[in-house]
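Once you scroll down, you'll see the structures, which are given as structure tokens.
In what comes next, subunit A is part of two complexes: it sits with subunit B in the first one and with subunit C in the second one.
And now, the complex of A and B:
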């Protein structure tokens, strides 16, 4: 019995970080935007980690799932705002649509691209992201390159005051919630058969197959999970918060790169890693922008290079190894 | 190296040695049985079922286990976790949860004598320990047929004897058929297997009980080339 509870100990530091962030943001004036950004980076790190960290496959088109999720929220609000009895539930439908759309896209992409390995997979996924963006723009789907601007409709659906609170406060809270859910799913996978299967296929895919592991099935499970969480984050942090969506902004490959950096900094395949990675990345990006605006990337690139060469396992990867078997080790995963 | 018209029947609980020089098709044979490749012609039956084109992940739960010549443990996972993977996805697969799999793993880790290393990542082990991890992992699958690729290469003769005794005992207890691929360690062949199949350039050259096979002049020729007197050098 105590084993069953001990299994969830590693969630304690994760949730403590999120709680601390929330309390700081809520109580220190002027901090909320920074806190929201940190939560966003930790959340996308966690969502991406379920695929990148656990399978070892790099998906450069990852941001497409966030983009599609953003569209899910935009479409829900811009199409259903006049259905009066829906009220605030239009936001819930937005989240559902975001999850469904990103799941469908991940199944389509996964069924084809996950048959490829290594660099081939990575390249194929870049194509998906760019292709999807140009499909929306070229075929003029969902407003084409003019995008969807839906603050007015949101206000009409839920009232001006609620709309303002939704986009300035609740959108960020939802990111916290999604991050918390992502952490729980990550741990659930890590401790379950699926985690063992994913570790095996990450380390040696052919040996894993011969051991009886249906590698494609497990890769697709991780891929869909990761993609649907990304869709939800997009729906909240880019949809509900920004209340407009333009293809070049949400299919921007830059965000995928940030996800990869966050996961690698913190420790790929670990639970706490992407949270810590998100904090380190978000904070240093913020401070570098303040101290030397315009040069932050120039400074940041070599720092990341050094960290990744010196600690390929990431911050938490190193800590988890050092404290394995000690009482503290129970909390680090 | 391709193999050509090799007919091979393995009885339940039988231990066979596959012998042959480099490039004789031993690894190809293993890859065909475990499903890494599919044959262009011919068929493979396991317990009366045609598995010729069955993907490998379905063969393992039926009872076909395998170890690799160069051990391939899952490096970042601990020894115990590696062995648990075998229990989780082998023949017991659907009935075994993570907790039971780890218990099974502990048993096999102890059987191969790695209990001190059980919480170490397998990637940091010595080659021999990696090999033992792999043996434990494949045994934890509770296979009916175990394909062992050079399981004892690089081992000390005394360790080979121990390994042979261990494999014989466990194969008899759990009625596992073993097909051991052996390149040069005759000590292992003689001790472990009841029958020897000699492959040469992809074809079956000899298939006979161990003692007879090792005395067969064709086997001597395959291994040593022509008798020494013809090579006056």
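And now, the complex of A and C:
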């Protein structure tokens, strides 16, 4: 019994970080935007880590799932705002639609791209992301390149005051909640059969297959989980918070790269890694934007190179190795 | 009427395709030898474009003369990045090399932005035109296609006829085996990376003869994505496959544009891009060795 609980000890530092972030944001005036950004980066890092960190497959089109999630929220609000009895439930429908749409997309993409490996997989996923974006623009689906702007509809559905609170406060809270769920799922997978299967697959896919592990099944499970969480984050942090959606923005490949950097900085395949990575990345990005506006990337690019070459295990990867077996080690995973 | 328009666009597409081909040979060479996808590919093309602009604006030099300069700069950049980062990532997981090359791309873009600013710049060179009946071609495009065919032939000869080219081919076949037979594998890696980068930089110069809107530090992203499609068409890792892949892609792109423009309610530009990525996925699935692949 105590083992089953001890399994979940590593969640303590993760949830403490989120709680601390929330308390700082709530009590220090003017900090909420920064905290929301940090929560967003940590959340998306955690969601991405479930696939990228655990399988070692590089999904370069990950942002597509966030984009589709954003569309889920946008479509729900812009189509259902006049149904009066729905009220605030329209947001819940938005989240459901986001989850369903990103899951469907991930099943489609997974069925095609997960047959490929390594560089071929990465290129295929870029193709999916770009292809989807241009399909929306080219065939003028969902407003085409003009996108959807839905703050007015949201205000009409739930009232102006609620709409404002929803997009400035609750959208960020939902991100915290999704991040917490993502952390739990990560640990659940890590400590269960899925985690062992994925580790085997990451180290040597052919060997894992020969050992009788159904690699495709586990890859798809990780892929769909990760994608649907991304859809929810998109629906909240981009949909509900920004209340507009434009294809060139929500399918921008730079967001995928940000996610990869966060996962790698903190430590791919670890539980605490993406949280730490998200904090480091978010804070340094914020700080660099303040001191040298416009040239953050000039500083970032060499740092990324150094991290990849010198510390490919990331912060938590190094820490976990150092503290393995000590009492502190129980909390790091 | 529409037939004539299609024919004209296809000719334009063929010329553009030649550039796509050369622009992708470097990517395919690097992937073939080092098994690394250069995600910063477009940034190196952008460097070439800025070399052409700089040479033209400050020295009044014809972009053709900028090609040797671009070649040397490319070799230097290639070796610089090879020895500082790529060398340590050859056997690392894809994640590391993909992110590293992306970071190199960003670094180049930001450096150029620091020097030149981010607005679009252009230059005018050769205003003469050739009338082909169905379409009118500026002479600069004719020179660009000639240049790209020359580069492709030179690379082919280098590959097939020189000892260095033979060494590279042996490493592509089997790096361990090549090492055992006395090929300096590390040297081949470095040289292939440098050569791949320099081909890409040179293609950037040829490309400037095609873009009417001018160039800016962020122009490369589009060409990285196009290069992926072209490379897959020609078979990832095969440089001459990439050249023919480029020609095919140029034709398809312009042909599709013309056809999509006839369907009301569609945005032909975006639909063409969509089509190209669908093609990418289909080829990856049914024939990952490329259209001309043998295996």
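Criterion: the second predicted complex is superposed on the first by the 333 of 333 C-alpha atoms of A that agree within 3 Å, B and C clash if a C-alpha of one lies under 4 Å from a C-alpha of the other, contacts with A are read in each partner's own complex, and residues count from 1 in each chain.
Basically, a contact is a pair of C-beta atoms (placed from the backbone, for glycine too) under 8 Å apart; a residue touches a chain by one contact, two chains touch by 3 or more.
The structure displayed is predicted, hence computed values, not measured ones.
Q: For A:199 in the superposed arrangement: first (subunit B), second (subunit C), both or neither?
A: It touches subunit B, and subunit C stays clear.
Q: Classify the contacts of A:138 with the two partner chains as first (subunit B alone), second (subunit C alone), both, or neither.
A: So A:138 only meets subunit C here.
Q: A:127 contacts which: subunit B (first), subunit C (second), both, neither?
A: Second partner only, subunit C.
Q: Please tell me which partner, subunit B or subunit C, touches more residues of subunit A.
A: On the superposition, C touches more of the residues of subunit A.
Q: Is A:325 contacted by the first partner subunit B, the second partner subunit C, both or neither?
A: first
Q: Quick check for you: in the superposed arrangement, does A:213 touch first (subunit B), second (subunit C), both or neither?
A: After superposing on A, A:213 lies in contact with subunit B but is clear of subunit C.
Q: Look at A:6 in the shared chain and tell me whether it touches subunit B only, subunit C only, both, or neither; answer first, second, both or neither.
A: After superposing on A, A:6 lies clear of both subunit B and subunit C.
Q: Same subunit A residues contacting subunit B and subunit C, which ones?
A: none
Q: Which residues of subunit B touch subunit A once you look at their complex with the stated criterion?
A: Residues of subunit B touching subunit A: 34-36, 55-61, 66, 68, 72-77, 81, 84-86, 88-90, 93, 97-99, 101, 119, 121, 137, 141.
Q: Would you pull the subunit A residues touching subunit B in the complex into a rising list?
A: 3, 191-193, 196-197, 199-200, 202-204, 206-215, 269, 321, 324-325
Q: Once bound in the complex, which stretches of subunit A touch subunit C?
A: Contact set of subunit A toward subunit C: 52, 56, 58, 60, 112-113, 115-116, 118-120, 122-124, 126-128, 130-131, 134-135, 137-140, 144-145, 253, 257, 260-261, 264, 268, 295, 297-298, 300-302, 304-305, 308-309, 312.
Q: Any idea which subunit C residues touch subunit A in the complex?
A: Of all residues in subunit C, those touching subunit A are 31, 35-37, 39, 84-85, 88-89, 92-96, 98-100, 102-104, 106-107, 109-111, 114, 221, 225, 228-229, 232, 236, 260, 265-274, 277-278, 280-281, 284-285, 288.
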